[in-house]
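Quick one: the structure is below, and I'll ask about it shortly.
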Amino acid sequence: MKLTVYLSGEIHTDWRADIARGVADAGLDVELTGPNTNHGASDDCGDQILGAEEKAFWKDHKAAKINALRTRKLIADADIVVVRFGDQYKQWNAAFDAGYAAALGKSLIVQHDPALTHPLKEVDAAAMAVCETPLQVVEILRYINRDN
Amino acid sequence: MKLTVYLSGEIHTDWRADIARGVADAGLDVELTGPNTNHGASDDCGDQILGAEEKAFWKDHKAAKINALRTRKLIADADIVVVRFGDQYKQWNAAFDAGYAAALGKSLIVQHDPALTHPLKEVDAAAMAVCETPLQVVEILRYINRDN
Amino acid sequence: MKLTVYLSGEIHTDWRADIARGVADAGLDVELTGPNTNHGASDDCGDQILGAEEKAFWKDHKAAKINALRTRKLIADADIVVVRFGDQYKQWNAAFDAGYAAALGKSLIVQHDPALTHPLKEVDAAAMAVCETPLQVVEILRYINRDN
Amino acid sequence: MKLTVYLSGEIHTDWRADIARGVADAGLDVELTGPNTNHGASDDCGDQILGAEEKAFWKDHKAAKINALRTRKLIADADIVVVRFGDQYKQWNAAFDAGYAAALGKSLIVQHDPALTHPLKEVDAAAMAVCETPLQVVEILRYINRDN
Amino acid sequence: MKLTVYLSGEIHTDWRADIARGVADAGLDVELTGPNTNHGASDDCGDQILGAEEKAFWKDHKAAKINALRTRKLIADADIVVVRFGDQYKQWNAAFDAGYAAALGKSLIVQHDPALTHPLKEVDAAAMAVCETPLQVVEILRYINRDN
Amino acid sequence: MKLTVYLSGEIHTDWRADIARGVADAGLDVELTGPNTNHGASDDCGDQILGAEEKAFWKDHKAAKINALRTRKLIADADIVVVRFGDQYKQWNAAFDAGYAAALGKSLIVQHDPALTHPLKEVDAAAMAVCETPLQVVEILRYINRDN
Amino acid sequence: MKLTVYLSGEIHTDWRADIARGVADAGLDVELTGPNTNHGASDDCGDQILGAEEKAFWKDHKAAKINALRTRKLIADADIVVVRFGDQYKQWNAAFDAGYAAALGKSLIVQHDPALTHPLKEVDAAAMAVCETPLQVVEILRYINRDN
Amino acid sequence: MKLTVYLSGEIHTDWRADIARGVADAGLDVELTGPNTNHGASDDCGDQILGAEEKAFWKDHKAAKINALRTRKLIADADIVVVRFGDQYKQWNAAFDAGYAAALGKSLIVQHDPALTHPLKEVDAAAMAVCETPLQVVEILRYINRDN
């Protein structure tokens, strides 16, 4: 079974690499995709490509839309969307992706520390699995790929 | 023009009442809907109706799903979804609603303080209007309702 | 909030009347719909309207399709589909309705005795709430209808 | 014609292997998919990957959702869904899959003993073919694959 | 239960009136809709409204598209589409409507003389009921409307 | 037959009033909707409600999106979209509406002078009728509304 | 440009071979698909695979549904559906396919003798092209495949 | 990331070649598609393949529909639709494509001179990016393709 899995959310730790390593070690037929994780490039792409803005709002607006060209395409192509919430930042884009994926009928896996259970209860309620670690995400991918 | 507008997000200030008053004062044919805004009832409905859980995760899970019975129905019935972000709490359910509404093709209006522009840029990028005050939301509803 | 709720499943006990009474007592704006619950008429409608069949398979086939004219319409029009499993009969049509409603994106409430938890786990997993009694179904409808 | 066929239902006899052999013998371009058929692993995957639950309900719930990550994907990818009902167990998941597939517009083939005709009449009514044996399923696949 | 039923097909006999009378006599909450049944107006509406054409093809083309403005709307709004085949004319528009309705997921009732069974087998195969008389159509509508 | 008809396009002549008068004179059950036709208000609504922009691009952007809140809703609710092209201005919004409506599966009526046939051929090709005058639009609405 | 083209309709002349030859001669990247064109096998497949029926209606019914397993899949996979009407037989299945394809949003090409224009006007009105000969179908496929 | 990008709009300058060169130079995994850009062939294909028409309207009509067989297919297959507006001609087909793509949920990039901002504001409002040059389109494609 070939699976395409989009890894949404936190971009400040190595969790995507952890999952990639686990998937490779298990020899799974899983394609991992995700957003541009270069924070600076992601913030500045609008101004750099389309020209500078004086107002921060429009700078952010242009950048967010260019990034959406990528994320909308990859979420639409995914079988499963994994959304990880870390312990820093607002991470509203992660929750937005979770809602977006849920409404498209994508299967959702959420991964976060149990300390975040209460504020994430609506997101978790839409998920097929709520993991505490990236390793558990890998274990799920391995399990649903096994042939009997 | 009859409009149905779902008011998602913050439940700790009177912004929904502000919009309701503005809509009534302007005599608009707008039905306002929203989630259960009683924080305690919203947290406890799962345990109270279906029986107590020892683990906080399952208590939250059951409550979140019962609340989703209401919110999914009302978002699906809405023409416009207004999502307000306040200055407190994680508000991941608000961002989730925004993503969910966007993927359903609902028109989105986001309302928040300019101080939140950067972390909300992906949500704002999906919106048809980004307001700073509830009054601006009313002004938009009034404008799109006028007959010439 | 006006809700349309389809009551699927068991037709040999009074559970639909229990829910109707609870909804009426609570003064909820809920329209309850359901299948033809006259077992004999439901089995014989094909032969009686379209002519007798010698083979039981075709008699059942014609009846099931005529009944589907009603159930497909009412499930499609429902906001919420409640499926009750009793302790008798195969009840595959109830599970079929649950799957059908789930794939249409309808919110699902399942109601059954805890003794049936294991064989119903896939159905329960698709539900927004799993109740043990019809009264709990009424409580959920009452809760999601309340205005604050 | 390349066909993807999902084999849902009974996991206690060799019917999937019978179909696989028939498809291979006929040299058909048919990819056969299905659920995890290891009963124990299927029941325990939630606890084993995500941690043990004290309540049977939540153990089953977590397992059923992880299994759904696989089954939803494979049913969505299938051209035809074959659902077999055996003579044991409740098999509500099989009927759920049938309803789910029907609502997605998938072509359905049901396979069961004639003794089950009456309780399966609603499921059969949604099918393009009702077979008594796995061999008949193979014959249908062979027929619709032939080039004139 | 309020039903909207589109009556497609033959326009040279009184079958629509027969169904309307049966529905009225039974006091059913059924709205009957259908195409323009004035043959001459239906053929000439293109030329008369938009100007004459020399080529018969374009005259027919303009008329068929104007008529489609009505039929597409009413089929889209229908719960059930009844298609009757008579013993005269090609009636390809009736078969087209049947296919169109089937692909939209509308429930289909086909009504024709048994003599037409073989050439109509593909249309009948997509139907929930195949009637021989308009009275049987009325009986089905009456049956699915009864409250127990 | 109740029809909802959205009147898109040119805002500098009285064609909407002509159609409204014709519809009223014929006593048709047709609801006519359309965009805000006050050119100044339509251009300035973004700046006036959400605050002034220095760049013309963002002023236009905010206004166009607020107007889209209205037009998207009304096009989505329409049975038929009429698009009129006049002899002045670029009118790209009219052509955009036509494409938008076509992709939503709305029935399209285009109205323009024959002199514009060649540059409008792709738009006309998507239409159910191409009229030269608003009166012809009324005649079509009258025809598809008549009861035999 | 890779195109998948389903060839529906008449099975008593060599028109499919004519198109195949034209496509091959032009070296087009077009995959041609179609129904089972063996008339006898197509009529008898139900009885032969699933067992004999005494009533002609059920024999036809079973066969038509098995054939639909193939045709529904191939029409769903097609970019373009070509429907040819010959001068014999009722050909209601061809008109049904045309309506079915139109409602799925498939591009339709109809091919028939001009003598059939009037009875086919509703089918032609849904088409992107109406051809008189199979060669014209090939010419269209060649034209839309050319690279400038 | 493999992207399919449809290039709609102006056919009188070399902008498609500029984008193709930029994509090739950057080594991007991007498939570029577009309409037939041979103006004469595009205008005459209807008459040449299906026979000459006396009225210009029908000549244009047949040609536009044959061209639509290509453009509808390629827009439906595209991840991103780029629409360029030049400084000549009406270009209503470009705006129609933009609306059509927007309603299908395709990501839109618009490219035009700033002088056209006001008349294109509704089209721009539906876009994920508004570029002034083809090079900026290439830069966006390059950015969303980069792996970190």
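Think of it as A, B, C, D, E, F, G and H in the order they're written, each chain with its own count starting at 1.
Following the convention adopted for this analysis, a contact is a pair of C-beta atoms (placed from the backbone, for glycine too) under 8 Å apart; a residue touches a chain by one contact, two chains touch by 3 or more.
Please read these numbers as outputs of a predicted model, since none were measured by experiment.
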Inset, instruction - Working from the CA atoms, figure out how many degrees subunit D turns to land on subunit G, in steps of 5. - result: 90
Legend entry - Label of the chain whose CA centroid is most distant from the centroid of subunit B: G
Inset, instruction - Please compute the C-alpha centroid of subunit C, do the same for subunit D, then give the distance between them in whole Å. - result: 23
Legend entry - Centre-of-Cα separation between subunit H and subunit C, whole angstrom: 50
Legend entry - Centre-to-centre distance between subunit H and subunit D (centres being mean Cα positions), rounded to whole Å: 44
Inset, instruction - Return the distance between the CA-based centres of subunit A and subunit C, expressed in whole Å. - result: 37
Legend entry - Junction residues of subunit C - those touching two or more other chains: 65, 67-68, 130
Inset, instruction - Flag every residue of subunit B that touches subunit A in the complex, lowest number first. - result: 56-57, 60-61, 63-65, 67-68, 85, 89-104, 114, 116-126, 130
Legend entry - Of subunit G, residues touching subunit D in the complex: 33, 36-38, 41, 45, 49-51, 62, 65-70, 72-74
Legend entry - In the complex, subunit F residues that touch subunit E: 1, 3, 79-80, 107, 109, 128-132, 136, 139-140, 143-144, 146, 148
